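Letters are used for the chains, namely A, B, C and D, taken in the order the chains are written, and counting of residues starts over at 1 for each.
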Amino acid sequence: MVVIMQNGATKADLDAVLARVEGFKLRGSVTVGESQNIIGIVGTPIPPQLQEMLESMSGVREVVRISRPYKLATREFHPRDTIVDVGGVMVGGGSAVVMAGPCAVESETQIMTVAHAIKKAGAHMLRGGAFKPRSSPYSFRGMGEEALKLMAKARAETGLPIVTEVMTPTDVALVGEYADLLQIGARNMQNYQLLEEVGRSHRPVLLKRGLSATFEEWMLSAEYIMNQGNHNVILCERGIRTFETATRNTMDLNAVALGKKRTHLPIIVDPSHGTGKWYLVAPLALAGLAAGADGLMIEVHPDPDKATSDGPQSLTLENFASLMPRINALAGVLHSV
Amino acid sequence: MVVIMQNGATKADLDAVLARVEGFKLRGSVTVGESQNIIGIVGTPIPPQLQEMLESMSGVREVVRISRPYKLATREFHPRDTIVDVGGVMVGGGSAVVMAGPCAVESETQIMTVAHAIKKAGAHMLRGGAFKPRSSPYSFRGMGEEALKLMAKARAETGLPIVTEVMTPTDVALVGEYADLLQIGARNMQNYQLLEEVGRSHRPVLLKRGLSATFEEWMLSAEYIMNQGNHNVILCERGIRTFETATRNTMDLNAVALGKKRTHLPIIVDPSHGTGKWYLVAPLALAGLAAGADGLMIEVHPDPDKATSDGPQSLTLENFASLMPRINALAGVLHSV
Amino acid sequence: MVVIMQNGATKADLDAVLARVEGFKLRGSVTVGESQNIIGIVGTPIPPQLQEMLESMSGVREVVRISRPYKLATREFHPRDTIVDVGGVMVGGGSAVVMAGPCAVESETQIMTVAHAIKKAGAHMLRGGAFKPRSSPYSFRGMGEEALKLMAKARAETGLPIVTEVMTPTDVALVGEYADLLQIGARNMQNYQLLEEVGRSHRPVLLKRGLSATFEEWMLSAEYIMNQGNHNVILCERGIRTFETATRNTMDLNAVALGKKRTHLPIIVDPSHGTGKWYLVAPLALAGLAAGADGLMIEVHPDPDKATSDGPQSLTLENFASLMPRINALAGVLHSV
Amino acid sequence: MVVIMQNGATKADLDAVLARVEGFKLRGSVTVGESQNIIGIVGTPIPPQLQEMLESMSGVREVVRISRPYKLATREFHPRDTIVDVGGVMVGGGSAVVMAGPCAVESETQIMTVAHAIKKAGAHMLRGGAFKPRSSPYSFRGMGEEALKLMAKARAETGLPIVTEVMTPTDVALVGEYADLLQIGARNMQNYQLLEEVGRSHRPVLLKRGLSATFEEWMLSAEYIMNQGNHNVILCERGIRTFETATRNTMDLNAVALGKKRTHLPIIVDPSHGTGKWYLVAPLALAGLAAGADGLMIEVHPDPDKATSDGPQSLTLENFASLMPRINALAGVLHSV
């Protein structure tokens, strides 16, 4: 940590900062400049509240943190890729895992039709919503446990592991009974009680990036889960909120490529939510893999026109089937060069 | 709702849309244009999923919703200002209520000192965090129930109603035992289980706007609470996330003025979080009132240098005391012109 | 400037940085940390390209600049408020100057009607567009020099100084013949040739903030003008682009309050562009003054329904007349407390 | 165009809108709803100012435009891909053209070294800045015409067509003497005089997207150029400004894929500016092609540590050489599936 003092800071200001630093058993080393003094802080551990404390002290201009605040998720201390085993499907390390299925489970026919179709097309995992977060209290919010049972049945028939969202801490045990992979939705990326609860479960977790979460906040949310002992975390970029309204969200593939440098955790992308338009799903799915993603999450519905949610961004079974060979061809060439 | 068909939409596309609309007992009225057809949908109620369903149909270019999706919060059907009674303090209708106190309760001495000082300066309510949401799992996260007890003691001594945050549905009962006003933090604005739980309680609720929530999403979150029977909702603008990094957040006072037009609920502003810098709190507090806010929430700490959180944005007791007369003078002139 | 080395930086990396720094006649002072080394750079002047150069060197993690890059606009070296004289109207230092008029000059009747009406209501300056930047090539783009002549005539009749936009370097001389205050529009905030050209003229300049310009970029654009010798720069906050679409732009009043701390230049706000809705102009005008602005720019049109541009955000003559006493009452109380 | 009237709009309001519409020789067709009336406007041409005019009329809630305002750039009336011939290099229709070179031309040695190296590696065009827009007036701003001459020399030696930025209308003729492709930088995307001037030249134009320009505004800027008779426009996505600061900008590859649907013009991507970090250039270059881009613009410098600008985002000659085969392999597979 580096403390940059103000131009007009007094000797007393400087001494107060040094004293505060020493109070934490750290040492401050001063560089005397012509107009400002700089204090380099040496020692560990640096308590998390120190930056804020110093920033509010008299005579301090700025405090710059110089180590990543996410110790468990960072690649710095864990250079090798983490591979997460989700019901036998390995995610990470350059895998090109495809999770597909409807936004919401709507009926047995619907979910079975999709499950068999995506299996046949070559997908590796089945997604489907049982509990749905919706902006409006008047929207369809999912079939709940009944949907979980239907998904389990689909898994039994197809062998595909299942991924579904859990929205509140008290549901973690229930959803964990059925799901192979517990999804934390974008709106809950900073629901810390929920993060800690899935951290205490033994299920792998899919952590979606919040709509306006910075890269660092996303890593810190992974840290919340890992800090409870569960290191099986898969990150999912699903678009951020920007000024642009021509697409539902803005896919941030910079974050995917940056993530492959900064964290050892697997990262997948969700071009369905990331674009909000079915006809942009294929190009952004391919782009996501090219940027370095370890997999994809894609919404597929047998009849998007009648979907209870997210119809406009869902692929038909046919469109999904024709996308899979393109994904595989691309993954092949990405591995070979 | 208005459906705008694509240029090349077929007669079959048009008929399919009309059929879908009629399936909901609504009527579609077609305007035939030279290049596009437009369908005005007449009838009520319009089911919430209809827009999405129609948008994904073949030949549809765009579906425009023309009534506000928040029925309970809108001023359209409830023109008079709602006044929320918080332990005897009336919020709304042009009140200039001031809630003040530390970000987090840290000790009995701290909270008592602040409570007496802000009472003397003329504040109307005491704020203080017992459960703190923090981006990092390694930061101080509040004293929990002990803090609630200290706040209750401060209320007993000063008569100031207390406001504090509740973070998870299972804590609503506990926090509701102590607090006069339950705060939903920005990160939880779309934690629907939590919104519904406070909606089922009988306590007034302070709903902070999410960091990247649109005005409409904010209203819909209020709707979640009201839809459970609790209409005592106070909105709080606390800054949104934008590209600008010179301040912690960007106060959106447009939303305050717009809010006074669109909803009957009271709106307050939080310039401490909205700016992140103590020396910008006073000008933005005054600006918030001038924009139409019904009150203010301000962080005050006896020794901001030593605060466990949000020190840089906290006023000292002295600074707060000198701000109050300016607030009162401004409120006076705003009412008289 | 502070250089933070990477964890694994070598001695050679460190030496290369020190050598580069010394090449500019500066001195680097190293703080040896347990995991990282920090180099404080001492000496002046620090060349502008140094940060970028060092950031791309091997072993460097981050380079932190610690003095403001705008030397002329900063309050650091010029603590007193600059007061700009615009045709006898003094702007700055807590003035509450009101500039009003139509978005575009449309006819002699229109501009004369507005000029007399705003003069009577108490405005201090007349605004009006002669050259209009429009997103679409098919929109009305102004009457050009004819409009300038009409504005000059309005000035002759009312005594109000006039402000109008100049869009391209080769027009500066022409517009400067007529205008008392040359406006640089938001889209041109980083049109450097234009900034330098108005910097070489002797007219005061009104510099609007770009739609997505950071506070620092805005200051640097002022610096471009001042660096040519023209220090009569007035800044204008007119709303930034964010994710919110409920209003046309988001007024950033944080930037106004921050600006009053960081620069000695006058700052005004434009609530017409800042909100895009006439019914939000009054509350945001008042809020702008309360945040510390030295004046206002407000669109007024005798018949907003028929305006060729920006009708929805223009006040009628009546609405403007009823706003002026509220502005004056507010300005009075702001000065007295 | 569709006009949605307010709930409480009167018959007089409706009639006034219809009269205004008829004044433009258009026809309004009213759909009477239970709570609102909707007016579909039929006829052509719809004048550009009509939307704004109607929006400010009494009783009008919203006006929805339903045809794209960019007539020349839209694919609607021009379904086939435009192929732009830049000095013999064909851009568009799925080309994978690579433009490479330094941010700024710094010396003859530098530009010749780069030109020969990228030619050998397989690049198709040479980029290099002669006139540089810089946020600060104190930064290096380019060698001007001397740089143009050096680039022309590099072209003579390598056969690579050259692309360079033009910043102001009066420089178009000069830069056009040397450059095969005139670049309009992001900051000038809405410098309309400049757009029109390059529109009147006979050189192909590379139009970079503005930092905070919506997709539609970008298309409208292309329209400005095309409207002057020059249809040889290549679009370039180079990252937009969002809340995320972990990368310099946020590459919006959604816009690339959307662009391939909505416009016939070629689109390339610039991952150097789009990410700001050299180690993210390769993954985002590949991602850009996978999203559908027709080419790439990449910064290459023989010694990025010593570059006068944009060093941190420049590839070394070696890194560029090793990227080219990956680009070619990817382009191959994208064409075959």
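Basically, a contact is a pair of C-beta atoms (placed from the backbone, for glycine too) under 8 Å apart; a residue touches a chain by one contact, two chains touch by 3 or more.
What you see is a predicted model, and the numbers here were worked out from it, not measured in a lab.
Engineer: If you tally the C-beta contacts for B-C and for B-D, which one comes out higher?
Structural biologist: Counting C-beta pairs in contact for B-C and B-D gives the edge to B-C.
Engineer: Just the number, please: Cα centre separation of chain A and chain B in whole Å.
Structural biologist: Centre separation, chain A to chain B: 26 Å.
Engineer: Using mean CA coordinates as chain centres, what's the chain B-chain C distance in Å?
Structural biologist: 31
Engineer: Counting in whole Å, what is the centre-to-centre distance of chain B and chain D, each centre being its mean C-alpha position?
Structural biologist: One centre to the other, that is 38 Å.
Engineer: Please set out, as single numbers or ranges, the residues of chain C touching at least two other chains.
Structural biologist: Residues 212, 241-243, 245 of chain C each touch two or more of the other chains.
Engineer: For this assembly, give the contact graph shape among line, ring, star, complete and other.
Structural biologist: complete
Engineer: Going by the contact rule set out above, which residues of chain B touch chain C in the complex?
Structural biologist: 212, 214-216, 239-240, 242-247, 249-258, 260-261, 274-275, 277, 279-280, 283-284, 286-292, 325-326, 329-330, 332-334, 336-337
Engineer: If you look only at chain C, which of its residues touch chain A in the complex?
Structural biologist: 2, 4, 7, 29, 31-36, 38, 40-44, 61-62, 64, 66-67, 76, 212, 241-243, 245
Engineer: Where on chain A is chain B touching in the complex?
Structural biologist: It is residues 48-49, 52-53, 55-58, 69-70, 133-140, 167-170, 187-188, 190-194, 211-212, 217, 220-221, 223-224, 227, 241, 278, 304-312, 314 of chain A that touch chain B.
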